[in-house]
Every structure is written in C-alpha cells, then in structure tokens.
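Labels A, B, C and D are assigned to the chains in the order they are written; within every chain, residues are numbered from 1.
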C-alpha cells in the first residue's frame, strides 16, 4: 500500500500518518519528493482494516499494490486449472462447447436439442429452468420440471448439463439434477448466492456482470473459492457500453487479461454478447483465436418460436456448420474439439 | 408494436408477417414507403408472446411502442405517490433525509448517530447490517445483532429506520426490526429477492443498478409492485461510466426523467455516487434543486475509523451544517425539511 | 512518480531500474515490502521523457503522482479566475447566462432572439454559424453571413457574443465578429485548433468532449493556456454513457471536481446534455445549486421550425420563466444574475 | 419515418401532424392502436428538413427508418470494396498488415523499422509525424522532417506508407510524401478535415472515435466519400468503457457489424486498443478470425526508448513471430498474407 500525501501536507500530518501505520505493527518507508511525500507501507495490510487512510489529514490518495483476491490469483497458483465435470473437463488442451436453448420449454424441445448438439460435437447441454427477465410479465422458466428434462436429456445423450441458478431455492433444486451450475451476469455480485454455490460441491460457471470490471469479477470468484469450491470457470458474455449496434460489447481482450491474472479457465458466450444470430459465427471463431477455453452457444429447434432470446439462437444446421468451421481454429490453438 | 421490414423484403415475406400477426387475433396496418414497408400491430400484444418477429424472414427490426411496466407507469397512474413510513411519508411536499453510518458497527456508534442526525433534522436512520462487499475478506456486517441496534435506536429517537437486505435470509430477519427495506444496486435485478420484498408488506427503497437503464429500473420496481406492494421509493446513486474522478457518475437528470415516467418518489444518494466527502455538499443541493424527494447521506462519528466507506462519510458537524444549507433549497421547491 | 515492481522481480531488475533513474540525475527511494518492491522517483520527472519505465524488466506499473497540466491547475494558482468578456465577466459572484439559437438561421431570427434573451436577463448571445453535424447532409451553418448577424445583434443589444469555431478557417473569420470563441465537444482534442485559439487573444469556452475525462479536459485547456491565452471557461455538456433516456448524461458532479482541481470558471449546458426541452428547467436549477458559474441555454422563436436541435430549445416565454425561477437559486449561491 | 403519438394525444394534435406532413408533399399512413396512434410517413423525407416533429403537440417520439449515410451503405452498394494503394490493395482476399513505430523519431529508426517489418511480411509502413497528445508538454512529432523519412523508407523498401494527419496544414504536407492518409480517433468528427481529405485524392484510413457509435463512424466516412473520395478503409481501435484493465475495449464484434452495413474494408489496431504489448498477439489472431481485412501493429527497435506509446510496441523479433503465427489464421479466412 502506498499513501500519497498532498503537495501542501504539513510535517505534522505526515508524522501522524506514519505513527498510525506504525502503531498497527507495520513499517513505513518515507519518500520525500520535490512536490509530494509518499508513504510506503510494508507488512501485513490486514492489520490496517478499519482505518481509512484516505481521509486522514493531508492524504491525497491511497494506491493498493496487491490484489484483494488471493485463491484465484495466478501469482499464488501459476499453473492453469482444469475443471473436471462429469466425464469431461474444462481447461488447457480442450475447447469445450456448451450448447442448447436459452430457456427449457418442454421435454421434446430439450431432448431434441441435446441430441442435435451432441451429434454436432458439443459436450455440454445448456438450458435455462430459471430465467431472470427484465419484466415480471415475461416467461420465467419451467423451474423443477425443466431440471428434470435436463437430467433426462443428460442421461440420454451423455452430455454434461449446466443450468443457471438465480436464488438459493433454485440452487437447492438444481444440485439434484445438473452437473454444473451457472451464475448469470445479474447475480455476479449476489454474494449470498455465491457463498452458497461455494458450499454446493458442484462446479460452477461464473458469468461476468454487465458492468463488472475484471477485478470485481475475480473477487466474485474469490467468494466461491473461499467457501471451499475451486471448480470455477469464468464466462465473458459482453459488457454494457454506449454502443447499441450489438446488445452488449463482447470484450474478447478480457480473455488474455484473465489468463494473465488468474489460473481459472474462461469461456465466451457470443450469443448473449451480440444478441444477433448473424453475429455468432465470426465472434465464435475470434473467441477461439483469442485463447478461450470454450464457447457457450444458444441453439433452438425453431428460433422464431423461442420463448426467450430467439433472435440470437442458431438452428441445428447453423450450429453444426459452426462446429465444422471452428475445428481448424481449435487445432491452431492445440485444443481438442 | 411496429415491425420495420428490410428494404429488399419480398412481398411474400411481408404477407407472412401480416398473416402471423393476424392469426393471433391482432390487426395489421401496412404502410408501404418508397424504401421500406412498415407493419403496425394493433391490439393486445401479449397474444404475440412466444413469437420472435425479429427473426422472421425480411424483418429489419421491431420497435416497441409501449413500456413493459404498467403499475409503476405514470400513464396509468398520473398522480405522484406518497409513501407512508412510520409517522412520516416520502413524496410530494416533503424532503426526506435518511442519514446514518454505512455499516452498523456497534450499539453506541449507531445510537449516537441516531441522536445526532435526529437533532440535525433527519427523519430516517440508515445503517447497514448486511454489507455486500466486493471482496469476501472485507467486513460483512453485524447481521441480526445490527438489526437489534437499529430497532433500539429507532425506538429511542423516533426515527424511521431503513436497512439493506441482500438475501431472503436477511429479509426474513429485517422485517422484524426495521420500518423500511432497501434493495441495493447490486441486487436491483435479483428478481427472487424483489418478489419476496413485494410480499413483505414493508415499504422498500429500490436503488438503481450500477449500469441499469431507467427502463430496467422501473421494470425492477414493477417486480415488487406486481406482488402487491405499492410502497416503493426509487434511489439514484450514480451509474458506472468511464470517468474515474468520482466513484460513480451521479445522474441527476434521471430525477426529472423518472418524474415524467413514473408516479413513484425518487431520492438521491450523493455519498455513494461520488465516494468523496468533499463532493457531498454541492451535489446534495443540486439533488434538491433537480426535484428529488429526499436524500440519503452517510454520517459517521469518526469517519477515519469507519469499517466501510469512510472516505464518503460526513462527521456530525458537517452533517448538521449540510442540513442548514439545504433548508432554503427545500423551501424553493416547496418541500418541508 | 512511483514504480511498482512485480512480486517476482529479480534483484537485478530492481537495480537496473534504479540505475536508469539515477543516470538521468534523479533520486530513488526504495521501499521493499513483503510482496513487492516500490521505487519512488524524486526530482524533475521531465528528465525521464523518452524512457518507458512500464516495459522495463520486472516493472508491474508506474503511478504518476502529479498532474500533467500546470497552468490551469489550482495547486499552482489557488485563486479562482474571473474571465473578462466585453462589459461583463464570467466567474465568482456572477451567474452568466448565455442564450440563443442552436444555429443562426437568418437576420431576423437572431436579432429577435437577442432582444428577447436580453430582456429576460441573459448577458451573452449564443448562436452557431458553423455547425458540426453527424451527417454531411444536415444543415451546416451560414458561416460568415451568420457571423455578421451575430455582430449586429451584439451591437444592437449590448450582449456579448459567443460562437463555435470548428476549424482554422472558421476561427480566422470569427475573430473579426464575436467576443468569445467556443470549442465544441467534438473538437476538444483538435489540438491544432486549440493552439490557434490560444494565440487568438479572444476568451474561449471549452466544452468537454463526449467521452473526455476531467483530466483530459484540463489538459485540453492547458493546450490553450500554454499558448498564452488564460481566458478560458469550461463547459460541462453531458457525457456519453449507456443510458438512452437522455441524449447524454449530464455530469453535474464534474462542477465541484473541476472547482477542486482548477481555477477556471465552469458553466453548464443542460440543453445539449439532456436533448429534451422538458428536461432543461430542473437541471438548470441543479447546475446553479451545484456551483456552476453559468448556463448555456438554447432558445428559439419557433422551436418546431428550428433547422437543428429543435427538441431541446426553449421558446421565449419558457426562457423568461426559467430566468425568473433561477433568480432565488443564484441568490443562494451569492451570484448576480 | 414513423411518428409515434402520445397515448393521450388529441384528435386535433394527430390531424395537425398529418396536415403538416402532407403540406410538404408527403403521404401519411395512420395506424390507430388501442393505446397509441402511429403516423407513418411515405416519400422523400428531405422535404421535411427544418421541421422538428419531435416537439409538435402530442408527439411521443420519431423513429428514423433509414440510415442517413448512403454512399458507404451496403444496401446501395452490395459488393465489398477493395481499396488500391501503391502496388497493393486492401479488401477481400488480402490480409493487410501495417506496421511501424507510433512516432517517427529519426531517419535510422524509421528505416530500420521499414526494413524489418518488410522482411517479416508487412506491406505498409506506419509512423506518426504529427502526434495528437493529451498533454501539450508531450512529444508532438517531427512533422515534415518525419514525412521525408517516411517517403524515403517507402522508396527504399517498396512498402506503401500511411501517416496520420491532424490538421489541414498537416494534410497539405502529407499529400506530397505518403501513399495513404490516416484520420485518428480524436479527429473522427473533425468534419472540416474529413471534407478536405475527401478532396485530397489519396486513400484514407478512418479510425473509429473513442466513443463513436458504428452509425456515427459510417456518417464520418460519408463526409469523405461525399466529397468524391471512395477510397476509404475503416479501423477499429478500441472504444472507451468503464473497464480499466485494458486502455480501451477492443470491439471486435464491430467488424461483422460493419461488414453487414457497409462495403468498406475494415482493419483492426490491437496495439492502441489494449495498450499492452502482451495483449497484442491474441487479439491480433482474433481480429483475423473475426473477419478483419488487416491489422495495424506498432513496432519499435527499442520499445523502452520509444518517445510515445512504448508499452504497446512490439520488438522486431516479436513482430516477426506474430506474423508467423498469423499465417494459418489468414489461410483459414482465405486471405493472402
């Protein structure tokens, strides 16, 4: 931690700050410049908890030198993690494709989706049983009935299954049916849910919040891992910006940024990011080329009849074609698809 | 609803769209321009649920003409609402000031805060018992113990009390102790929590999400009101932008925008918006001048010892001075302070 | 300047950095923490120009401690500036109102505007002779003819006149006709134009760029002042965010932020910020209450016939009423209106 | 154009709007819904110039159906353009790589860069002679001297040359020395400069403004093409968002978006977008995979000595390695590299 004093900070203010730091058993390195004095703090910063240096007399600002997340931090765990799920795993050497409908609508729709995406090469079936919708009057999901279809489709096809949980109630149901949990963008900082997911024992995919920084995202993952669950996969799904030509702005640079800061795998969801079917193909290729560990793609037997997010869903044949197109990109990145 | 066809849409595509709309019992008004054809849809649009016009052949885009929120919409409820809480109310003719510490730290801190803010003219005591913190290693709140202090401070001073709830568990405790619930920015789209708050019977303050549009915010309020709870107050607390000189960007224009779209009262939280004590005074005055129904202000007996958000808290004397300064602004707006 | 080394930086990397700094005649203060080493640099940082510390071996990041703008910086010029223009001045103790049409359309429109805004209490006439428009097919302004009308209206009414310049050509004409120049948001970083305006001898109002940080804005002002022209007024006019309910997001907190960082006056343009006539009144009051030195308001004899930006223009009677409403707010801030 | 009336619009207001439209020689299609009435306008909308429907009595909002850019619009020019420059061309079937230093610093630096990037496979030499810098005290470029080095390096290596112009003065010099002009992000809406570049006869690369929408960007291109210059290449270089982990947020989805809306080629500049050397490689691969027509990469013989933007520059060997890595990606996209 570095404390930068104001240009006109008095000698008294400076010694007050240093005394305060030292009183907590930490050391101080003073650096007096021509314009400002800088107070470097050495030692265990947690001893300063409960002290707000920012508002001490004469302090201009406080710069944190070390990240607040530890267990997901690459600095302390340099090897990239591989997350086991059912018979497969997500991480180095693999390009994981999760595919399926935005919302589970009925038994046949989901089973058909599962069979088709399996045939095309996906290893995960995705599908929403609990749908967080902007308006209370939109379709909210089949809940436990949907989870049952999910389990059945997983059994029938051998696909691993993943389902979003939006509350503790949803979580308590989902753990009985699916192989992997998903925390959606709107719940990235629903800390109660994160902690409970951390205790669930199931692997979890944590989507980036709509306006979350990379650091907030990794801190959210730290909530899960600090409860004892290290099986976390991150998912970039677009951030909110001023641009309206796409629903969100897919931040593909976040993939190498995460790679540099954390050992967790990261996959990309181009369907939610762009919100338009015609914009799924090329961003999917780009996601592989930028180093993502996988993709989450929305597929629907009849996109124009979908109860939610139809415009961004691929048909079965579009998905099969996409999988074919992705193969050489996966090879270039030395990933099994 | 208006469906705008592509310039090169075939006659067949156009009649397919109109047939689809008519098959659901709705009427169509065709408008053929030199460049594009526009299909106006007349009737109950809920009959089209489950049909994604956006991806029908030849469709360029679909424009929604009416908002999806109804019960909070000023169009259907033109008179401004006044929300009763304890002995007071929030809305027209009143400038409500909610003040207190960011986090409840102990019995004495809270009681002292309550007495001082009461003396200065506040009518609500705020204080966090459940703190949503970016890092799992930061102070998370006293929980039920804090709620007990809250109840006691409310009883001792006559102040109404408001406390953030971050989960169903927190909610089930808070309803036994406080007069008003708060949904924080991070939970604005925690729809399970919104619904449950809608069933709680207590008045609720709904903070705007960090990157929420005005329409998403009003839809979140619709989740609460559609469960039977009309006692909702909105709270603008700054949005996330590229600017880093302030913690968030306080969107004061949102106050007249909300006033035009909804009958719900709206208050402003300049403490969280700017994140800096020196930037609380002038934005508070501006919030009153822009038409807000109230303010939420962080106050702490010793900001430099605060366990959270110290830099933005006012001391007691700063708060008392602020209240004095606000009085003539409240008068200009014909609001009791 | 502070150089933060990587946690795993070698001793060699650290001494290479310190040697490099010392070789330029600067001093180094080393602060070795448990996790990282920090190198404080003391002395004239301009000696390091041409050296990119960020990419030296073992460097994590470089934190600048002092701002790059000097002449507009309050630290070196603590007294607030007052900018003289014609018979008036902009700054402490005055609330300057600049009013007039977005675009000058003809002789009578401008003269009528000038007479009416003068009568209502404005001291500046604004009006665009060079209009930067998103599309090349929109009305681009009357150019020199418009400037002549401006001069005449200024002479006839005694109002000071202000006009946007969008190029060196526009500038060379405008200096012959108007009392104050305006640099628009799109040209805030048109550095050639800034420099030339800095040599023009005329006072200048510098609007904030659509996505400019406060620091970039002050650096743009530094371009003008460093050419010898200290007569600069800043103008907040809304920034680009994800919110679409208003055209831009008016950042009123920027007023106290600027006040803390610079001695230059700052005025607010609510017309461009919100883009809607009904959203001019309350934000204008808020701008005064937040401490602005003035307002720029669009007024038009017939807003529905305006060649540009009609929706945000006030009629004469709306403007007169606004001026009446603003008076008590100006008084509260001890400003002459 | 579609005019949406307010729910409570009077019959009189509706007929006033329709009369106004018809009085200009346009036709009206009325669509009366249960809640609102919609007025479709058919015919040449330019006849309505000077009339602001938005503020007519009873009007809720006006929706534009057609884009304001025409000549760069794919609708009216469906075939993708190929832009000839010197012996090469930018567009379908080619992956153009422009490489060189951010700023031209001296004769040897530039010539060495040219030789090395040529050897590695680039076909364009980039280099700044006029540098738009945030602070007036940063290095501003060698100007004409730099242009002479550029011409010489182009002649010596056969590379095409491209240089940013920041003013009419810079433009008038650059046309004598370089093969292609560049408009930087800060000048994307410097309309005077765009028009003059449109008359210059030289091909031009138009970078996206820091906070420009795709539509504003295409309108800026329309300024150039409407002056008679169709040789335009767009360049995505990152947009400003709240995220600070990268300097800007590279919006790779903008590539397929532009492809759908315009026939102009588009290249990507990952160096400026991410601002970090380690984040150039993967985003470059992704840019090719997302369908870009080329890349602009910063290269410097000694990045740690660079006078500007050193942290994002590649060394010669890093660039050579990048080119090798890009080859198979170019092949997958059927582009010659």
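The rule is short, and it goes like this: a residue touches a chain if its C-beta (ideal position, glycine included) is under 8 Å from a C-beta of that chain, and two chains touch if they have at least 3 such contacts.
Remember, it's a predicted structure, so these values are computed and weren't measured experimentally.
The minimum number of touch steps separating chain B from chain D is 1. Comparing the chain pairs A-C and A-D, the larger number of C-beta pairs in contact belongs to A-D. A straight line joining the Cα centres of chain C and chain D is 26 Å long. Taking the mean of the C-alpha atoms as each chain's centre, chain A and chain C sit 39 Å apart. Averaging C-alpha coordinates per chain places the centre of chain A 31 Å away from that of chain D. Residue positions 211, 240-242, 244 of chain D each touch two or more of the other chains.
Chain contact summary for the complex, chain A toward chain D: residues 211, 213-215, 239, 241-246, 249-257, 260, 273-274, 278-279, 281-283, 285-291, 328-329, 332. Residues 46, 49-52, 54-56, 68-69, 132-139, 166-170, 186-187, 189-193, 195, 210-211, 216, 219, 222-223, 226, 240, 277, 303-307, 310-311 of chain C are the ones touching chain D in the complex.
Against chain A, the residues of chain C that register as touching in their complex are 2, 4, 7, 29-36, 38, 40-44, 63, 65-66, 75, 211, 240-242, 244.
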